[in-house]
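Please find the structures below.
In what comes next, chain A is part of two complexes: it sits with chain B in the first one and with chain C in the second one.
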Partner chain A sequence: MAQDHPLPSISPDVRRSWWTPARRDHFIGYLFILPQITGLVVFVLVPLALMAWYSLNEWNVLAGTFSFVGLGNYEKLATDPALPGVLWASACFSVGLVLFNLSLALLLAVLLNQKLAGTVVFRTIFFSPVVVSLVAWAIVWRFLLQQDGGINAVLRMLSIDGPNWLRGPNTAMVSVIVVQVVKNVGLNMVLFLAALQNVPQELYEAARVDGASRWTQFFRITVPLISPTVLLTSIITVAGSLQVFAQIAVLTEGGPGTSTTVLVYYLYQQAFQFHFFGYGASLAMLLLLIVGALTYLQWSLRKAWVYDND
Partner chain B sequence: MKRTITTTLCLTALLALAPTAFMTPAQAADGLSLRMAVWTGNAKHLALLNGIADAYKAKHPEIGTITFDTIPYDNYTTTLTTQIAGGNAPDLAWILESAAPDFVGSGALLALDDTLSSTAGYDFADLSPSATALWRQDGKLFAYPFSTSPYAIFANLDIIAAAGQKSPADLIAAGSWNWQTVATEAAAVHAKSGKNGVEIRDFDYKDWTLLTTVWDGWAARPWSADGKTCTLDSSDMADAMAFLHKAIFKDGAIPGPGTSGDFFAGDTAFSITQISRASLLKDGAFKWDLVPLPAGPKGSYSVIGQAGIGVFKNGKHPQDAAAFLAFLSSPENSLKLAQFFPPPRLSQLNAETLGKTNPLLSKSQLEEVVVKGITTGKVSPSHTNNAQIAQQIRASLDAAWTPDADLPAVLSGACAKIGPLLAH
Partner chain C sequence: MIKSRSRLALALYALMAVLCIPFLFPTWWMITSSFKPVSEIFAFPPTLLPRQFVTDAYGRVFELQPFARQYFNSLYIAVAVTTGTLAFSSLAGYAFARIRFPGANLLFMLVLTGLLIPSEVTIVPLFQMFLDVGAVNTHWPLILVPMLGAPSALQTFIMRQFFSGLPHELEDAARIDGLGRFAIYHRIALPLAKPALAAVGIFTFLYSWNLYLEPIVFLSSPDKFTLPQALTQFVDAYGGPMWNIQLAAASLTAIPVLVVFVIAQKQFIEGLAYTGLKG
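Here is the complex of A and B:
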């Protein structure tokens, strides 16, 4: 005979036990990250969603009209005759900046990793532009790079007739890249320096015992061991290069012609100067897609060249 | 207990402060607030505007504050439209002539006719039709052209004399005040002293609309009068651009791209700019003269720059803002503003009236340059969708500012770029 087993009644003590120490810890943990999550939602996710929505609409600010156009802005994107030139300028800037920035930062880090007198002073000198206001930095360089500016004055002392740096299509792009590299190379230099100082010295000693040259030591020991930092700096630099704006706005305004009109500057022109906010939003979505794709690509390829300690 | 008291105090304080956090500036002060966007940061300009605002507030106790919000000139229209997009439109704003078609045509501005014409003592009919033409649509006035300033030439007589050249007054008296002689003199100044010859102030090889001050001498404009056809590739424009190119790259009469210089610092012989820049002249720094623009191959001409004041429909208090604008632009206040901004009122456009508030300029300068300039001048070119068209022309003309430029190709290329935009 089956014996009836009445369901146990839930005592008040058991109900109270829902608020377990583990739940309390979780709750407190969420409270700690609440400011960060709030910032992320308010300043990143909501604007991102709004941008996606704006890209499906045409917004005439002056007339105060806001109308749904579906994929109209994306169709305009696909047929915009200026866009290939803009993407090419962005690519030139990014490739030039990343290559120049990373190689110069690594070179400086290797040089300043030596135990020599005065390295601290040089580290400070190379890092100091990082903390200078970006717009002030660009304004000073604009004066230096003009036809009768400081750079050409120095060149004249060497009997060299310098070009009008910001007015030639090629020299303008090179100038903008160099100005940006000098501004930010210190940051990557410090990251490389930290990575270099974490490379175990006994590996070099062992390599020297085995007769390895300094080049071999660099390429076989240093580069593999700092490759995680190379990955980090390359992701940061690539993403940053695609977001360049202030330097272009101050130095060239996208000229001469459209030779330095990079994607973010073009977006600014479309949205804020020409008042095509919907189209500007679709350009922002394109930028998001490009940055996301490049970051994913770099992350995916890391196994092929990044040394993993584990 | 202590914790309970602290918590209670904090909550009370928060509750007390919460309403102020959500309070708009208009509610925060006694009476409503008006905000007017301007691009001037000049202390004298702002003092004058604030003085007029104080007088208005004294008569209208319902107005709490009137603020003049300075937005930098370089990005003025961009910043203004961004404020509008953000739901923070000012009540009134200065509007650049280049943006006039966009603002007037968009429906963003309040029609002013009723308010201005019904204001006692306003004398609405006194506003010059030529001065208000740019700001009208369908017979309605959408902005008050508070500044109608002709372009003219400031001349540094010391530099010109030191280079052994004739003064502008002598050239005018001899009937040879034209671009050819000015370019010749400017080139001679540059060759002998190394100083700049003629500067087109603020052009900087970017703001091409200022080239109208030269182009009009050749009757050259970027587009046709109806705004539908590009005329940058016309023969008149080709001649005007050829003159400029030669003056820049062959004769050295005009400083080239990337060359610094400033007439008011005393390192340039001639400067094409608006007369309002006379305030930059320092007492006794050098002898100077103000003369009309030289004649071109197509005869004498005058170019005027304008700025209007509009009231935004989407502002917080459009009717109150329009009433303040009526006070600001009344005959009495127009006369006060005339010391900086040439007025659009026919009754005030004479040398006697303007002379009272422009002590730096002589009667003949006011008559020849200001009054004649305003009554006969053409406004700088502007078009709907002006920013996009201007950007296309700027980008195209960049190729013209090199010594070996192919000008016909550059100009026809510019037309290929802006043709569809004009037609649209």
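Here is the complex of A and C:
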């Protein structure tokens, strides 16, 4: 084959001078990243561009209509009477989740860091919900939170009349936050625990010699030294809180009313239940904008409150 | 002194024991309730152990849906996603950490973009793209998007951070011995990266195992369903959940992973912590 019809000969020297070891290395570098980069182009960049385009069109999948409407969907966004409630629910959920998650994670990490015998058992227990399937976890909690479910049964034994947790607007929001925090707090707890164990013990000894109380030690030594981890975990937790979907779908289906309809759930309803793809795309643009703004905000605030060793 | 210390320890144990309740009780309640007859499930006062031990619900799980098939779907999808992610993210992470090539910074920006974009944002165009190539109601979107799309960017980022922190000396020695790039990656760098690979593998598996939005958007026939999606389908004629059956199915879903976790909890937790601090 190839040997029968040799290519017009390029002298080996010329070829070598182009195909240098450095070029060869670049080529290998591109080969190594090729699958990942192709994937990101096809499954991130192209969809983002398509989404921007869809958001400028009126597109009802059921009716089969697709027509350019310019900023029509964004006008609809601005005047959608349901949207303020959805954004409020998202904000309540995210703020509640982040505050509760980070403070509980820090409390658990500090408790586990007390060098008591048997802490490995407690660590395993606190982490275990992380590995339980999300929907299975939500189903069990839905069962527990029924009017006549396990939690109210325990309350009744203490002569307390429990509410119908998932049917009251406020208790429903609190419930989805608590369910989500208990599910995932183990991840942040483990990161905090590792950060706590990296704080040099000499600092505490020096502080004790200077007569600093435990509280002072905690707020003047521990908190500043673990602040990079606090930043990391808060970025991950904020981003995660905006993506919550399965728990809402299983526990409340966005209800009662729209009190737990967060942005991703609303997007799902509009696009895949009501088939407004164009409007769904403009909601996705809004979500993207919020995620981007929050990440940028946290990143630029880091200089102000993260202790930097360098 | 000693007395006050042990009293403090006792107080800490008590506090931790109380805090354990919301973490342990749901799993306990799920498993025990799945063995209770329907009449006992909402009985008052509640029973910590089933008074009457029945296993009907477990049989019904497999009668009402092709549950074994759905179990297999979830498992093979998660294994495929994890295997692919480990290969592609370690290759890309290694190249970004160690090989200097033109455009590396720009291409890494693309990875960071993927890191910041929740995949929920792009679900509408992704659905349309897979519809155009006839891959809706197949498992391809559930395998390809997590393996190569936005969710995989975090894994590539973690691998890059890890490889950047490895000392250069070993690789330099291997290069002098005449090993090529791929051999260095495969024989030197990868074995050293076991903790990072373990963390990435666990994260990826759990991510795929938990996916819910994507399956309900992409899949429509019950024999293609994944477990999370199947769990919510055990409902009666009025759409109300059949609790004992849902709980039996949920137990079947949760217990195997919990068992693996309890056996390997040290690797799980310390691997994640280690990689989290590095990243």
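In this text, the second predicted complex is superposed on the first by the 295 of 310 C-alpha atoms of A that agree within 3 Å, B and C clash if a C-alpha of one lies under 4 Å from a C-alpha of the other, contacts with A are read in each partner's own complex, and residues count from 1 in each chain.
The rule is simple: contacts are C-beta pairs under 8 Å (C-beta built on N, C-alpha and C of every residue); 3 or more make two chains touch, one makes a residue touch a chain.
Given the structure is predicted, the values throughout are model-derived calculations rather than measurements.
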| item | value |
| --- | --- |
| Which superposed partner A:L289 touches (first chain B, second chain C, both, neither) | neither |
| Touched partner set for A:F277, first chain B, second chain C, both or neither | both |
| Dominant contact partner of chain A by residue count, chain C or chain B | C |
| Chain B versus chain C as contact partner of A:L134, first or second or both or neither | second |
| First (chain B), second (chain C), both or neither touched by A:F126 | second |
| Which superposed partner A:V95 touches (first chain B, second chain C, both, neither) | neither |
| First (chain B), second (chain C), both or neither touched by A:G64 | first |
| Partner chain in contact with A:D148 - chain B first, chain C second, else both or neither | both |
| Which of chain B and chain C A:I160 touches, first, second, both or neither | neither |
| First, second, both or neither for A:L301, with chain B first and chain C second | neither |
| Set of chain A residues, in rising order, touched by both chain B and chain C | 146, 148-149, 272, 277 |
| Residue ranges of chain A touching chain C (in the complex, touch as defined) | 25-26, 28-30, 32-33, 35-48, 50-51, 54, 108, 111, 114, 116, 120, 122-137, 139-144, 146, 148-150, 153-154, 156-157, 178, 182, 187, 190-191, 193-195, 198, 229, 232, 239, 242-243, 245-246, 249-250, 264, 267-268, 271-272, 277, 280-281, 284, 287-288, 291-292, 295 |
| Touch list for chain B against partner chain A, complex | 77-78, 81-82, 84-85, 102-103, 106-108, 205-206, 256-260, 314, 385, 387-388, 391, 394-396, 398-399, 401-402 |
| Touching residues (chain side chain A, partner chain B) in the complex | 59-64, 146-149, 164, 166-167, 253-258, 269, 272-275, 277 |
| Residues of chain C defined as touching chain A within the complex | 9, 12-13, 15-16, 19-20, 22-27, 29-30, 33, 42, 44-46, 88-89, 91-92, 94-96, 99-102, 104, 107, 110-111, 113-114, 116-118, 120-129, 144-145, 147-150, 152-153, 156, 180-182, 185, 206, 209-210, 212-213, 216-217, 227-229, 231-232, 241, 243, 246-247, 250-251, 253-254, 257-258, 260-262, 265-266, 268-269, 272-274, 276-277, 279 |
